[in-house]
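Next come two complexes, and both contain chain A; in the first it sits with chain B, in the second with chain C.
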Partner chain A sequence: MKNQFKDNPQLLPLLCKIDKLIELSERKGKRFNFMEICGTHTVSILKHGFRSYFKDKIKFISGPGCPVCVTSQKDMDRVIALAKSGVKIATFGDLIKVPGSHSSLEEQQALGKQIDVVYSPLDCLKIAENADEEVVFIAVGFETTIPVIASLVLDAERMNIKNLSILAIIKTIPNALKFLLANLETEIDGFICPGHVSVIIGEQPYNIIPEKYGIPCAIAGFDPVDIALGIESLITQIKDKNPIVANRYKRMVKLDGNPAARNLINEVFEEDDVDWRGFGKVPASGLKLRKRFAKFDADKKFDIKVETTSEPKGCICGEIIAGKKLPAECQLFAKKCTPDSPVGPCMVSFEGSCAAFYKYGE
Partner chain B sequence: MCLAVPYKIISTDDTKAIADVFGVRKEIDIRVIENVNVDDYVLVHAGFAIQKMSQKEAKITLKLLREVSEKSI
Partner chain C sequence: MERILLSHGSGGKNSKKLLEFIYNGLGKIVVNLGEDSGIAEIQSEKIAITTDSYTIEPIFFSGGNIGKLAICGTLNDLAMVGAIPKYLTLAFILEENFAIEDLKKILSSIRKESESAGIKIIAGDTKIVSKGKLDKIFINTAGVGTIEHSQNINSKNAQVGDAIIVTGEIGNHGAAIMAYRNEFQTELCSDCASVSPLIQNLLNANIEIHTLRDPTRGGLASILNEIASASSVDIELDEREIPINDSVNGICDILGMDPLYMACEGRAIIVSPESEANKILKILKKTVAAKNAKKIGKVTKKSDKPRLYLKTFIGSKRILPLLSRELTPRIC
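Presenting the complex of A and B:
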C-alpha cells in the first residue's frame, strides 16, 4: 500500500511537511483523533495506507458517513415490512443485504417479493409508469443524494404519477456532527468533512463546529493528495490554535455549495428529528416530505406495521458509527460477520467501516 | 454511497443530457447546473449532475476511479 506513496511525487513532500508539523505541535506522543465522516474517505484512508503511515501519530476514526450504516434497525424493519406487504420496492443496491430484525430485502426477493435495484432514483418514474401495482422508492441518503430524490418527487407530481411514493429515511450531516460533539463521549481533535456532501451544502453549515466547539474542520477530496492536504490543514489549525472550516477541495466545493440543488431540497422537504443507528433520535438531522407532497409519502399511503425490533446479537455497528470502537474490536468481525454473510450494516455497504477494514486488512 | 463520477457532455436537451464515461453513454439530469455545453465535464451522482468540473480535474478523477475498479476485480 505504501508503494503508492513512493510513486506519488506530490504526496511525499506533503507527508514530510505533516511529519514536521506533528513534531512542532507539541503533542508529547499523544495521538491526534481525526474523524473522517464520509465512507469514501474511510476507504481511501485505508486503501492508500494512511492509517499505517501515521500509526503512532494519528488515530483515524470512521464517522457516521455511510447512509446504509446509519439507517436504524427500526427503519430497516419498516423497509422489509413494506416489501412483505406486496408493493414493488425500488432501492439502491446497498440496502438489499442489510439484515433487519427478522429478514432482509434479499430474503424477501428470494421469497418472490418484487424488489428492483435502481442506479438513479429517477429510474423509478419509468418503473412506476410500467407497473400496475404501487411502487415505493426507499429514499436513503445524505445531501449529495437528496437533490435527485427531490427531483423524483417533483417529476412524479408534474407527470401525475399516482402509483409512486417514497419512504423517506433521509439524513443530513451538520446537525449529526453537532450531536456527536455535544452528546457522545467520542474524543475528536478534527473532522475531515465529506467532499460530495459539501459540493451541495458548501462551507458555511460546518462553521458552528470550530466556533462553538473549537474543533478544526477540513473539507477534503478523495485522492491521496487531497486527504493529505486535509490532514495538513487540521494539524496546522491545532498547532496555531486557530480552528476554522478549511476548504481543501475548492476545485469542486464552492463557498455556497450548489444553491440550485438546495432550492430543490427545500421545495420538497422540511427538517425532521430522525433516528440514527448508534446515536438514537437526533434533532433536526433528517428530512421529511412537505405537506404538499403527502400523496408521495409511503408513510402516509401505507400502514407500515413493524414487529418487535432487535439489534443483531453481538453486533457493535452502533458503537463503530459513533467512533467509539473499531471493527476489529467486534467479536463477530471476520468470523461470523463477513461481506458474504454480513451481520450488521457496516459490513454490507462497500463504504461501511467493517467492509473497508475487512477488504484492506486491518 | 456519495460516490460521484465525471461525465463528458455529448448533447443536451433542456434538463437532460447524454453524457459519456469510459466510452459508455447515459442519460443524465442537469437541472441544477447552469450553462451546460457540449464537451463540458460534470460530476454525476446517481444519474444527477451536482457540479461542473474542469477537464483536468475530470481526468485526474477518472484515473483514480480506474485504479479503484481495476484493483477491486
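Presenting the complex of A and C:
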C-alpha cells in the first residue's frame, strides 16, 4: 500500500544518487564512519535495511541515544532500592528488565513489590490519586520526554498531590555530545543528528561539531527517505569539504526548536552533573528538580541506600554506547545475553543497539 | 436487575433470573440447553473442535466488543482448518457489580455474529466472582465444525513456490486498542470479523490451499515465523505489498511499535500454490471485507534454519524475527 513517507517515490532515485556520490568520492574502498546519536535511528537504519544496503560503503556506529542504556548501574541500583523500600514505582516498560547489580524491577515485581508500567508520565497523576502509598515515577529520558515530565510535576503541584515524587535520571544531549567529541577514539566522518530531540532543541546545539571538529552533521527523520536524505547530505558535505549542520527534517525541526517546551523544562529543572553509563560523570549533561519542587524530589523525600554497585561481568555496553565497539564484538552477545535474559541495558531497551542488532539479525 | 450480584451465581432465584436474561439476549441461536450436556447432531466423517478464552481491555472498542471478538475468534479458528462452523459452547465469568446494560450489548453482538454464521449455542455456563477477582468479564468458548473438504490444510504444509496472501489490511485491531488505551483520537476501527465466509468461498471454488492461519496475537510476522518453522521453509515478504492502513502506521510510529507484529482479529493468511494466487485474489475481492486482499510474498526455499525475510522499501533484505517479549512503546 502507498505510504507517503515510507514508500516515497523519491527514495530509489535518491539511493542511486548516493551510490554515485560514494563512487565519485575518493575513498578507495574505505568505509565512511557515520554515527547516529539517537536510538530510534539505530532501529530505523536496521529496520529499513540501510546497514546491509551500504554494507561495504558505510559503517553505522550507534551513539549514546538510548535513555535506558545510558542510565548508570548506580542509578539502576537506586531505582531497585526504592522499589524494595515498598513505595509504588511507576515506570516506562523498558526499565523493568534492566538488571541492576543484584536484582531488577522485574524480579522485585515477582517478589510482590508494586511496579506499574506507564505509557505517559501523566498517567502517574491517576495512579497517585488512587493510591494510599507513596508513588515514585522513574523519570528517564532526553529532551523529547522531559517536557511531559515537567508537566507532570507542575500538574502534581497544581492538584496538590502529596504522595507523588519523581526520581530524576534525566539526560540532555548538547553537553554529552561535547564530551563525546572531546573523547572520541574512533574517527567519525559524519553525525546523523536525532530527529525527535532536535524538535525541542533546534539546530544550534550541533554547530560546535562542524565548527570545532570539522565533522559534517545532518538532522534527519526516521522514514527511509528521511534517512537517505541525511546520508546524502553527509556525503555531499564530505565531497565539498564543507561541514555544516544540515537540517533534513524541516517538516518537524525548526531552527530554534520549540522554545515553549524548553521554557517548561527550565521552569521545573536545572542543570546537573550526571552519571552516564559508558562516559562516567559528565558536567551539566542532565537535570535535577529546582528547589521550588523539592517536595516532588524522590531523592530528597526518601533515604535511598544502595548496596555495592558492580557492572555485569564481560558486558561492554559502556563501550558500545560510546561508539567504541559494535554489539557483535561483545563475547556475551546472542550467547549469554539475549532479549529474554539480558545482561546489559543495551539488550533490554527497544532502542538499545544490542537489542536492535539481535532483533534484525546482524 | 442493573448490576451483577454475587447472588446471581448462587444457584437460587437470582441465578435463574440471570439465565433467563441471557437466553432472552441470545434468542433462537440457543438450542438444547437446560440439560447437563447439549446433544449435537452432526453428519460428518471429520469434525474440528477448538476452544479459547477471551479477555480484553477495553471490553467495548471501536469496531466490536468482547462478545463479537469471542464469536469471531472461535469461527476464525474453525475456518483455519477449513471447517464449516456448526455449534458453539459459551461460558461467562462475570465480576460482581458488572453492568447488566453492558452484558445486554455483549449478548446482542454474540447473537448477531452467531446468526449470520448460522451456528447454534449448544451448551453454556455462568460464574460470578467477587469484585476485584477478575477484570469485568471473561468469555470462554468451544467451537465445533465439520470438515467437508479433502485437502491437507495445516501449518506444516507450506511448500516452496507457494504464494502468501493476506485477506486485508493488517494490524488494525492491535492499533485500535493501543489508540484507545493512549487516548488518541482516531477513526480507526478494529478489523474484528469472521473470515469463515471468505474461506468457504475459496473451498467451494476448489482452490488448493496448503496453510491457513489467522494472525492474532503476535501479528503477521509472528504467525509467518511459525509457518516457516513448522514447514521448514524460508518465506520472503515484500514490504511494498503489505497492506497497512495509514492510521495504523501513524499510531505505530508514535508509539514505536511495528504493524507487522500487531494483532488482527478478522484476517487470514493463505498459503497456496502460486498458480492459484490470481484466482484467490479475484474471489476474495468480490467481498467488501476482503477488498484489500494482497499477495505479499512467497515461500522461497526449504531450510534447516527456517527464516522469515522482508524485502524493505529500499530493496535490501532483512530478517523478521520472532519477538521475544511483549511490545512496549518507545520512550524517546
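Keep in mind that, in the parts below, the second predicted complex is superposed on the first by the 352 of 362 C-alpha atoms of A that agree within 3 Å, B and C clash if a C-alpha of one lies under 4 Å from a C-alpha of the other, contacts with A are read in each partner's own complex, and residues count from 1 in each chain.
Here is the rule we use: a residue touches a chain if its C-beta (ideal position, glycine included) is under 8 Å from a C-beta of that chain, and two chains touch if they have at least 3 such contacts.
Computed from a predicted structure; not experimentally measured.
After overlaying the two complexes on the shared chain, residue contacts for A:Y213 are found with neither chain B nor chain C.
In the superposition on chain A, contact of A:D340 is made with chain C only, not with chain B.
Using the contact criterion defined above for the overlaid structures, shared-chain residue A:R251 touches chain B, although it does not reach chain C. When both complexes are overlaid on chain A, the residue A:E351 reaches chain B and chain C alike.
Of the two partner chains, chain C is the only one touched by A:S52; chain B is not.
Touch criterion met: A:Y119 reaches chain B and chain C at once. Of the two partner chains, neither chain B nor chain C is touched by A:F302. Shared contact residues of chain A with chain B and chain C: 38-40, 47, 65-68, 92, 94, 119-120, 140-142, 144-145, 196-197, 222, 351.
Across the interface of their complex, chain A is touched by residues 169, 181-182, 239-240, 242-246, 249, 253, 255-256, 258, 292, 294, 310, 312-319, 321, 323-326, 328-332 of chain C.
Chain B makes touch with chain A in their complex at residues 1-4, 29, 31-34, 43, 45-48, 50-51, 53-54, 57, 60-61, 64, 68. By the touch rule above, chain A contacts chain C in their complex via residues 1, 3, 6-7, 11-12, 15, 38-40, 46-50, 52-53, 65-68, 92-94, 97, 117, 119-120, 140-142, 144-145, 196-197, 222, 224, 228, 338-340, 350-351, 359-361.
Those residues of chain A lying in contact with chain B across their complex are 38-40, 47, 65-68, 92, 94, 119-123, 140-142, 144-145, 147-148, 151, 194-197, 199-200, 222-223, 251-252, 258, 260-261, 264, 349, 351.
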